[in-house]
Every structure is written in C-alpha cells, then in structure tokens.
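Two complexes follow with subunit A in common, the first pairing it with subunit B and the second with subunit C.
Up next is the complex of A and B:
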C-alpha cells in the first residue's frame, strides 16, 4: 500500500506568514542564543528584540502595501485574516515592541546607575515583550474564536509577568497578582461566551458564524443561548479593553507595573483588544447588531463619563493616565457603536474610525509613559508633585511631553484631534447624536486632567534644581512619538484616505 | 431514573461556572481564587464536550485540549507570581494587597 500518493502536503504561504515567522524566529533565537552564551552587554538584548520587531513590522508594511484595495483573504485554513484592518494594527504592535524595548533598556540603565544592584536588564524581559507581540499580532488578525482566545492568552500571560517584573517594589508584584486574577477571571467569561456561540452555530470561524447567523432559516433559533454567549464575550472583552464597569484593575495595575510596561500595556494591549473586539462584532454578529448595539451604547456612555471624571480627581500621574486610557476606550466604543448601525451607509466609517483612534492613541500612550518614566527616575515616584517645574530644568523635554498631553486632550493640529474627529463624525453620520455629544463633553472634562499636569510642569517651582538625565533611547522614543503626533495632526489626509480600504474585512 | 441529556450536562457546567464565579468574588486567598478560575475553565470544557457531542462535531472536543494547555500555562505563571509575593510577605490574603488604591 502506497501511503504517499494519498497525502497532499498543505501549501504554506510563507510570504503572507512572514511577519509572524519573523517575530517567532527572533524570539526563539534570542532565547536560544541568550541561554547558551554568557550575559550580553547592556542594551544588546533590547537591540535584538527591537530589530526583530522592526523586521516583522517592515514585512507587515510590505504586505499592507501589496494588499492595496484587493479583496482580503484568509490564511491557514481560515484561522488568520489577511486584511488591511489587521495589518495596520500589526504594524502598530511591532512599533510598540520596538519602542518598549528601547525604554526598557533605558530603565535598566537608570536602575543600574542607582544604588540598587539588581538590574532589570535580563533576557527574559525582552523575550516576554516579543511573546506579547506575537499574542497581540495573532489577536488582531485572528479569524477564528479559538485562535483569538489563544492570542489573548499568549498576550495576557506575558503581560502578567511583565507587570510583576520589578522585584524590588512590592507594588509591582501586587499589580501582577491583581492583573493575573482579574485577567484569568475575564478569560473564563470569554471562553464561556465562545462555547455558547459555538453551541448555537456549530462554528468557530468568525466569517462562518456571520454566514450561519445571517441565514435565518437554517439557524436553530436558540437565541437565548446565542445572546448569553454574545453578552459573555462582551464582558470578557470589556475586562481586556478596560471598559467601565470592568475597569477596576486598570488604575492599580497601571500604577504598580514598571512605567515602561505600563506604556506597553496601554498601547499594545489596547490595540490588540480593541481590534479583536471590533472584528468579532462586525464580522461575526452583524445580523444581531440590534441586540448588541444597545449594550455597547451603555458601556460607551459609562466608560466616557466615569473614565474622565475619575481621572481628574487622581493625584498620581500614572493613575491619571490609566483613567484617561479608560476614557479613550470609550471613544473607541463610540466607533464600534456607529459600526453597529448596519442599515446606515456610514456604518463602515465607525470601523475605520475606531481603528485609527486606537492606532493614534497607542503612539500617544507610548510617548507619554516614556516621558513619565523619565521624570519618575529610578525611584519610580509618579505623584503629580514630582512633575513640578520640570519645564525649568528640562525645557525641550517638557515641550515634547506637553505636545503629547495636548494631543491626548484632542487639541487641533495634533493626531488626537484627528482621532476624536473621526469617531465623532462616524457617530453623527450614523445619527447617534447622544453619544457624539457625550463624547465631546467627556473630552472637555478630561482636558482638565492634562492641563493639571501641564500647569504643574510649567508654572510650579521645581523641587530639585538638577535637570533629569535623558538617554538617547528616551529622546528617540519621545521624539518619534511627538513627530508622528504632529505630522499626522497637520497632514492627516493620507491616513483618512486609507479609511475605505481599512474597512473591507474578511466576511 | 431519566437518561441524562445534553441539557443536563450544560446545566451542570453552568452551575460549576457560577460556583467558580462566586468563589472568585467572595474568597480572599489568592490561591483559592485561582482554583475557582480553574473551576470556571473546566466548566467551560464540560460545555464544549457536551455541545460537540450534540452537534456531532469533533472541533468542540479538540478545543478542550487547547483550553487545557492554556490552563496549565496559567498555573505556571500564577504560581510563579504568588511564590514571588510569598517571599516578601508572611501571609497571603487579597485584603493585604492594598498598597495600590485611590
């Protein structure tokens, strides 16, 4: 019997998968070579992980350009989606890994200069950055509920460890434990949601679910189970994205984690969770939009209002930025709500607006937390008092940070304005006026928070006269974030022109 | 004695899931909270198997293996974090984890 004749080897699309392979290959190389060789010189681990993510990002950008306006397709038997929506998020994720590698090396150099002997510049931290990057990359392109769940878990498990990675501070370990317990709790809800949706439709592929649900006749209309599944998925993602009332972990974890890790969570974690959430609801459940849109509306209202109101009463800058990231998530939900108005012609605007918002926010988050990390120094002191008079000692640095804060507030000529304008326009054109007004009001409330930091930096007397030392990595991260913020703020046309090609998802 | 149906399995799974959820919310020992999360994951596994049997679809059963692997990975990370905390503190209670608040 000749077994060989029946066997058809699957075709592997090496080129389309190359960004994932680059990330994974770099990670394995780093782990293997790092384990077999003596400790590398400081900064080289970071260089390695930054290069890996950079290569993956360039490969993803090539695919993004190649794809053009061509129809999206699936890879690996429908497990991954190859579309511009996912690839733009992929590029953002690689950028977050590159910059976090640099800020992490920076923080390690600073703590080595400090009296504490235990340096954080160890191989494992950079390996975890890459692992988190792979998880996030899988999440944003996953076209299957189980693949998406595996991506979420790869990302979350890496982030739990990274949050607890500063062994000198008890706060860091507390943050790790809180994140772990609540993250695991959320994952269980998410998985139960997947099980119930699978039970109703018999499918796990997002587009397969969409097709089955669109065909009302063939569906065994077990709507109670399906709706419970959708609700559980929304709760699970609500924890991951940090939507009110599932946000309670955010301020504690953001404050306790090392500052560069906080920036990583706020940028990469947010991109991955929001993109996966939007893809899930837009691809799998468009025919049930009338059921989930009111829930998203309620979450958006709560998130916008509670996020910005609680942000202004905080006294710790990292907690402030944590609540501000909650309130930013509310804006992204405004985009998702608009995407849920399936009947409207502008529904797809909501999809691209939410994506562009989260991409632009991730740049701001990376830059802002890098700036906080520089001001806080090795002592990790992040109360608002530490920021007093920074403008007198480091004027250029303070100017850059001010630009990022203004952008987060949504001031015109910055990328933050483009992002907020996009979601509010999508809300208005789908006649979701209540949300549009609430979003604008909450932007005004949140502006007070950014003003408080700016006033503290520019108007208060400095506590210490000595200027803070800023390394090249710190300058580079902050500089690139400021340049992206200003360039996209002044010339947003090409980004907005992408809009249409971003919204064609695999269906 | 009636034959158990798919629905009976789903009800048991839902009960286990609720017990796990309540456990996470009321218990104060991180280890016990963690065990409750594992209980929730296993409740989901039970539903997956029951649903796969009902749909006569093998995918649901293979998903369970993925979930088992994820749960094992969670144990590794979770216990690692808990041990790291135990080295610095004598007791372990969620009520002591109150350095971060505001």
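Up next is the complex of A and C:
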C-alpha cells in the first residue's frame, strides 16, 4: 500500500469558490460568535449578514467581470457551473440578502417600538437568510441534478422557517406549515424526476445528460421513462417558481409570511428557481425540446392569464403582489419557450430574456415589498384600505412606490418595460406570436391591479393624518430599487450588451 | 421613393437639436416645478409657464424655419440609444407632423396660463409638463420603439390628471382610459417588434428606424396585413374609432377642463397621426387593402357620434361625442388616399384641436360659474353674458364647419378628396355635417336663448383673462378659415410624397384631380 504516490491532492480553486466560501464563512461566524456572546445591539446582526452577502456579491461580480474573456467552465468536478448566466443570478441573490437583512432589522425595530416587550431581532433569522442565500447560490450554479436538489432543499427549508418566523401571528405559522407541506410534495416530485432521468441516462450531470440524450440510439426519442422524468421535474420546478396550476400556495404563503420575508421569497426564491429551471432544460434536455416546449407553452399561457386575472380581484396588497408574481413568472416562461426553439438562431435570446426578466423583477419585488412593509407598519395590516392617501402623508415615498408599480405594469422608461420588451422580442423572433400577444394582453389585465394600488395611494382620502416613519434602511432599499428601475429603464444598453455572454452556458 | 431618402439625407442637421429641445424643455420645467417645493408656490406656476412658453416659442421657430418645398423630414436628429436592439433617438418632422407640433406647443401654455386646477397646483403642473413632453415626443419620433415609448408614457400623466383633478366619477374614467389605451398598445408592441424582425433580411439589420423600415423594408402581403392590424388596433383605440370609443365620453366628461382640452386637442391626434405615419407610410399595401373596413368604421363613427351627441343632456358629453364624429372624418380622409383628402385630414386634426379645445374651455367656464353642465339647467345665458355667447357662437360655428372658419376648409377638402375613392361612404358621411349643425345649434339654442331663470341670472360675463385666452383660439380659427394657404402649402408636399410612396409599392393609383386648395 503506497498511498503516498497514488494520492493526488485535488486542486481547490479557492478564488472561483470564494463567493460560496464568503457566504458560508459569514454564516458560521455569525452563528458561532452570536451563540457565544450576549444579545447584540439592535441592527448588528443585520449588519453582519448584509456585510457577508455584500462581500460575496462583490467576489461574484469580480468573477463575472473575469468571465468576459475566459470561457465558462465547471468547478468541483463538474458539480458547479462557472458562467455569467449563473453569476449574474448569484449577484442578484446577494443583493436580495443585503436588502432583506436591512428590511428585516427595520421590521424588528418597528415591532419592538410598537408592541413587543422585547425585541424580535434574533440571530437565527439572519442566519437563515444567509443559509437561504447559500442554497439559492448553489441552485443557480448547480451543474448536476443532485447538487441542484441540495440547493433547493437548503433554500426551501430556510424559507419554510422564515415564513413562520413571526411567532406572534398565527397567519405566519400557518404560512410556514402550508409552505412546508406543499413544498415537501414538490421535493418528492423533483426527486422522483431526478431518479427517472438518472434511470434512463445513467447520468446526473447536466452536461452528461445532454450528451447522452443527443444520441437518439442509446435513449429512444419517445422513451416513456425519460419523458415522465422531465414531466416530474417540470412539476417540481413549477411549484418552486409558482406556475399555474402549481401556484396555489403562493397567495397564502405570501400573505401570511412577514412582509420582508415575502419580498425575499419573491426575489431570491424566484431568481433561484427560474434560473435553475432554465439551466436544466436548456443544458440537459435541448434534444427533447420538441417534447417539453408545448408543456411550457401551456404552463405559460395558464400562468399569465390566471395570474393576472386573479390578481385584480384581490383586496389584500400582499395577495395582489403574490398573484402578480405568478403572472410575472409567466413572462419568464415565455422566454424559456423561446429558448426551446432549438433550431432557431434566436433561441439564445430566450435564455437571456428570461434571465434579465427575473433579475429585473427581483429588484422590483424587493422594493415593492419593502414599501408594503413600511405602509403596513407593525400591525402587518396589508389590505388595500391601509394604502389610502399615503401620497398625502408621504409624497416622496408614494412616488417611489408608484415608479416600482408602473415598472411592474411595464410602462416604458422603466426596467419592467425593458424586461417585457426583451421577452416579447425573443418570442416574436422565434415566431411565437400567440404567446407574445397573450403575454401583452395579460400585462394589461395585471396593469389594473397596479392602478388600484396607485388609486388608493394618490386619489383616496388618507385614513390617518400622521405620516409614516420611514427609517434609513427603508429609504435605502426603496431608493436603490427605484434608481435601478429608472436607470436601467432609460439606459438598458450595458445590460443588453451582456446578452450574448449571458447565454453561453457551460455545456 | 428616392425623393424621401434623398430628402432625409440632405436635410440640414442643425447644430442646435431643436426637436430634442422641444421634448426636454417641458421635462426640465417639470423638474423645476417639483424642486421648488411647497415653500415657493408663486415660483412653481412661473416655472411651469415659462418652460411651456419656451417650448411654444421653439415650436413657432420651427414653423418659421420649416422649408415648405421640402417633402422629407427636416430638423432630423439621430443618436444611438439602445444599439443592442437597433433603437435610436431619431427625431424629425415633415409637413404632416409640423402643425401638430405647433399645436402642442401653443395649446399647453394657453391651458397652463388659462385654467386653474383649484387644488394641488404643483403636481398638476408637473404632470401637465410631462404630458407635453410625451405628446411632443410622439409627434417627432421617427423610430418605432421611441414612438411607442412616448405613446405609452403619455398615459401616466393623463391618468393622474383625470384621476386627481377630475369630477365625481374620475377614478373610473381614468382607469378605463388607461386600460383601453394600454390594451391597444399591447398589440402594437408585438407588431412593432415583429415589423423590425421580419424586415431584418430586406433592411439588412434589425432596426426600429421608421424611415429605413418604410423605404427599404419589404414584408409579404400577409405579414404586412397582420402587422397593420396590430398597429391599427392601438390607433383605433386612441382616435377613437367605433366600437372602441367608449372610454372617450367618460374620460372627457370626468377630466378637469385643462385635461379635456389637451385630450381633445392633441392626445386624440396621436391616433390619427399614427394611422397616417405608422399605418399608411409603413404598410402601404395593407392600408389600401383595409380601406373599406376603415371607411365603414369612420362613417359609423361620424353618424353614431353625431346621433349620440344629439341625445346628450350633459354639455361636456355632447362635445365629447362630437369629437367621435369629427375624428371619423379625419380617418375617412386619411384612408381616402388622395392629396386633397389627406391634406384635409391633417388640417382637420389641427382644426379639431383648436375648436374642440376651445369648446371644452367654454364648457369649463360655464361649469365654473354654474357648477352644472346639464343643458336643462342652463338657459338664456346670452342675455346676461353676450360676449361669452359671442365667443361660444364663433367656436361652435367653426366646429360645425361654417365657410370662412377653419372647420370648413378641412372638412370640405376631406369630402371632396374622398369623393373619388370612397364615394358612397362620403355620401353617407356628409349627413354627419348636417347632424353637427343640428346638435350644436340645438344645444346653443337651449343654453343661450330664452329668458334666464333665477339661477342663471347671475351668470358672470367673460373675464379679461378668459377673453384673452379665447381670443387666441378665435384668431387661429378665423385666420386659417380665411387664409389656409400657408398651412396647406406646407402640408401638401409631404402628403404628395406619402401618396407616391403608396403608389410605388402597390397597384393603387390616385384618381387625377386638381391640386388641393387651389
């Protein structure tokens, strides 16, 4: 036995892995030091998690910049993909963690001042934010079904607990439990799907599956087991992304969860799930695009129409935004559908359009839910009536929220319009005219919902005369979201110029 | 159509980007209005007024510097905006858009100076100025994407103007206005993208440039027709054509006076202008093909609008329905595709803006004094306010189309020009002229004649500020009615070039007839 000569130490690419390490290191530090020291002063836990995510985001951005010249590659023996597609999502995820840390601290401060005898600002919530961030980061870069599943579970488990984190509200507990039970089902579907795909191809790596399936001799074109596997994966991801008809948890959970957590789920959760879904289908199953594209088409139509129609009949703002997030997911599917036209030279437009849509949407979602959280205050009252006359008491705040709402409606000169235009362009260039028209019509239906909120804010008489206090964190979150929305709405060029480099996935 | 290409290439690109300034000055004004804050209320009005006056002056300077002999686009300014998608900041005007730009430039300062919002003046003025920038932008855009941006962005200020400063049912009206127009635009957006992408091969690149697409792009007949329909839906809602006109009476009635004036004066023209610029110019074959359908809708609009106007008990709603009828004439003229008819149509866009805008101002003044718009509650105003009645009479006659006033010139040109290509529709549509006389004169009779009852006894006479304001409108009405030649001679070359463009791409030939306006 001469272990010494056979053993080759694996080369660890510390720099390439540094964003993950930063997140994990910050999390461990927070947990360890936090557990051994007395309760920190208010806001410091949030500061710690925000800093951690900020550092990770900067490291990811550095790699993103490096990849402009270097070719995309895989890390850890093909387990993780190192490409701009994943890294842009990574950066977005870090941003979501940073802003949610701030709004979370904000909400804790509010409830401490208002009702609770002692602060609800506890270490665990921030640790969970970071854990969710790690899970999401693994999901968006996972190049292997098993790794992807690990990411999904890390993210989901953190989100279940976060949804239930407001211990004084029964609705929050209920949301957590609902999300947990239905999410468990979805995970089962995913696992079964992974098992079936592995059963047919003998591979779990996305690239390897793609290679095996490209050869139609080893796996026949209409192999039932493979198709069943793809279908189950679509169902599982459909749940995570909240596609109709797998969306039924969304309104309840979004409404029940604390508002800052809702924003977190709508931004980070959506980015992670959509990016993982697109990567899976585009990298692993392009040769079966003719099989899954019709299913994606159907899901997109249902999601767009049902999401926007149900959104406009709600009376609770969080439920409205929940259904609107469902409708937005439909737009992202339009991009995936375009990406499924493998023969067309514009198929890659669909990939970048879906990514850019979800990234821009997550900024809007973060800002919008932060705004809802501010208006709702400590009472967590989010019915439309609470928004009445906010413009009279807090005009600047109302203007900022209005910009975000208009962007979600897709009004030009906002990032929302750029996102929608990109998706429509991808759909039209792959000749999916029906889907393009349906998407735009559903955007008009959904516009009514944003108008209702705007009417409440601007045109109704205020319920209270006292202006709402908006803390620095709230201002910062909303301000950054508005600035990103407007700047990218007017000058989207640099984002669009990334277009081609975003779509060169590791294959 | 080499004439137009050459004209575009040769037109002087001035050192001063005057069209960009037309869009930006109101925006700067809006920023100034907001930044002065609540502490300086007297400055906000001054800032708003001065920026809109500067815009108006710039538009008049454009009118003076405009070369009447040049049929192509002038004052062209072109810069890259989103090169990744082939989108540029491309502005330019020709005879068709010139007077709409001038109308926009003149109407806004008049409205800002002449109509008070009564509350929350600061946001009102800011929205007004943003609206002016948007309208101006859509009239000078020569890029499909850019046009869409302006076309759509206009909804936001108008929505807030109606919703924030309108009458009782304002939220309903504003929401209806927003959703109707946005629904139309949804189709247009898909159409715009498809036009650019389908023309990729014939143009050589993906571009949203109107001139490049219209001059070098070629679409198959089926593609062109589908795309035309997608555009036409958006413009039909905006015009509005029957049966998508239902937002208009609500929006007009509930909007504050200033909003109504702008809505009738320039916003509706974005639809008719769009049909001409992005319908006929971009899709000549489809426009020729779609003529019978559009004639029919236009004529239905003329008769329906007139009949509905006759039935109204609310004076403002009456004027709103009369707009439906008048815009029907413009659409009829646009698609008649003869020199006279299109020239008349373009002129009528401006005329309708002036006379209906003035009518809304007058109705607004009546409401200020009597707090009602119900015709039944008004009587005998001529006795107590003869000067007011006189102004109303002149404006109303212009709207009816009395010879010697502006309405006559446009309507007459449309009818005579369309007679060759759309004979039977013209014959039916002419009844609309008769009906216009009926509903307006009848309304005048009920409101102004008779003995004033107690409530109307105290109706105040025209004030100086109102008189000055209306005098501008009346001056334009009379001048263009008596001496339309300067206007026609600037519109005609561009219209002739447009029809040549259609003729060179289709087997349509315009019937030979005399020069318009001679």
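In the analysis below, the second predicted complex is superposed on the first by the 498 of 507 C-alpha atoms of A that agree within 3 Å, B and C clash if a C-alpha of one lies under 4 Å from a C-alpha of the other, contacts with A are read in each partner's own complex, and residues count from 1 in each chain.
Basically, a contact is a pair of C-beta atoms (placed from the backbone, for glycine too) under 8 Å apart; a residue touches a chain by one contact, two chains touch by 3 or more.
Since this is a predicted model, take the numbers as computed values, not measurements.
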**Message:** Once chain A of both complexes is superposed, is A:188 in touch with subunit B (first), subunit C (second), both, or neither?
**Reply:** first
**Prompt:** Which holds for A:440: it touches subunit B only (first), subunit C only (second), both, or neither?
**Reply:** second
**Request:** Go through the superposed model and pick first if A:291 touches only subunit B, second if only subunit C, both, or neither.
**Result:** neither
**Which partner reaches more residues of subunit A (counting touched residues only), subunit B or subunit C** = B
**Request:** Kindly classify A:124 by the partners it touches after superposition: subunit B alone (first), subunit C alone (second), both, or neither?
**Result:** neither
**Request:** Report for A:180: first if it touches subunit B alone, second if subunit C alone, otherwise both or neither.
**Result:** first
**Intersection of the subunit A residues that touch subunit B with those that touch subunit C** = none
**Prompt:** In their shared complex, at which residues does subunit C touch subunit A?
**Reply:** 81-85, 148-149, 152-153, 155-156, 159-160, 163-164, 170-171, 175, 178-179, 182-183, 186-187, 189-190, 193-194, 197
**Complete:** Within the complex, subunit A is touched by subunit B residues 10, 17, 20-21, 24, 30, 33-34, 37, 40-41, 43-44, 47-48, 51, 54-55, 57, 59-60, 63, 66-67, 70, 73-74, 77-78, 80-82, 84-85, 88-89, 94, 97, 99-102
**Prompt:** Which of the residues in subunit A come into contact with subunit C in the complex?
**Reply:** 406, 411-413, 417, 421, 424-425, 428-429, 433, 436-437, 440-441, 443-444, 447-448, 451, 455, 458-459, 492-493, 496-497, 499
**Request:** Give every residue of subunit A touching subunit B within the complex, in rising order.
**Result:** 146, 149-150, 153, 157, 160-161, 164, 167, 170-171, 173-178, 180-181, 184-185, 187-188, 191-192, 195-196, 198-199, 202, 204, 251-252, 255-256, 314-316, 319
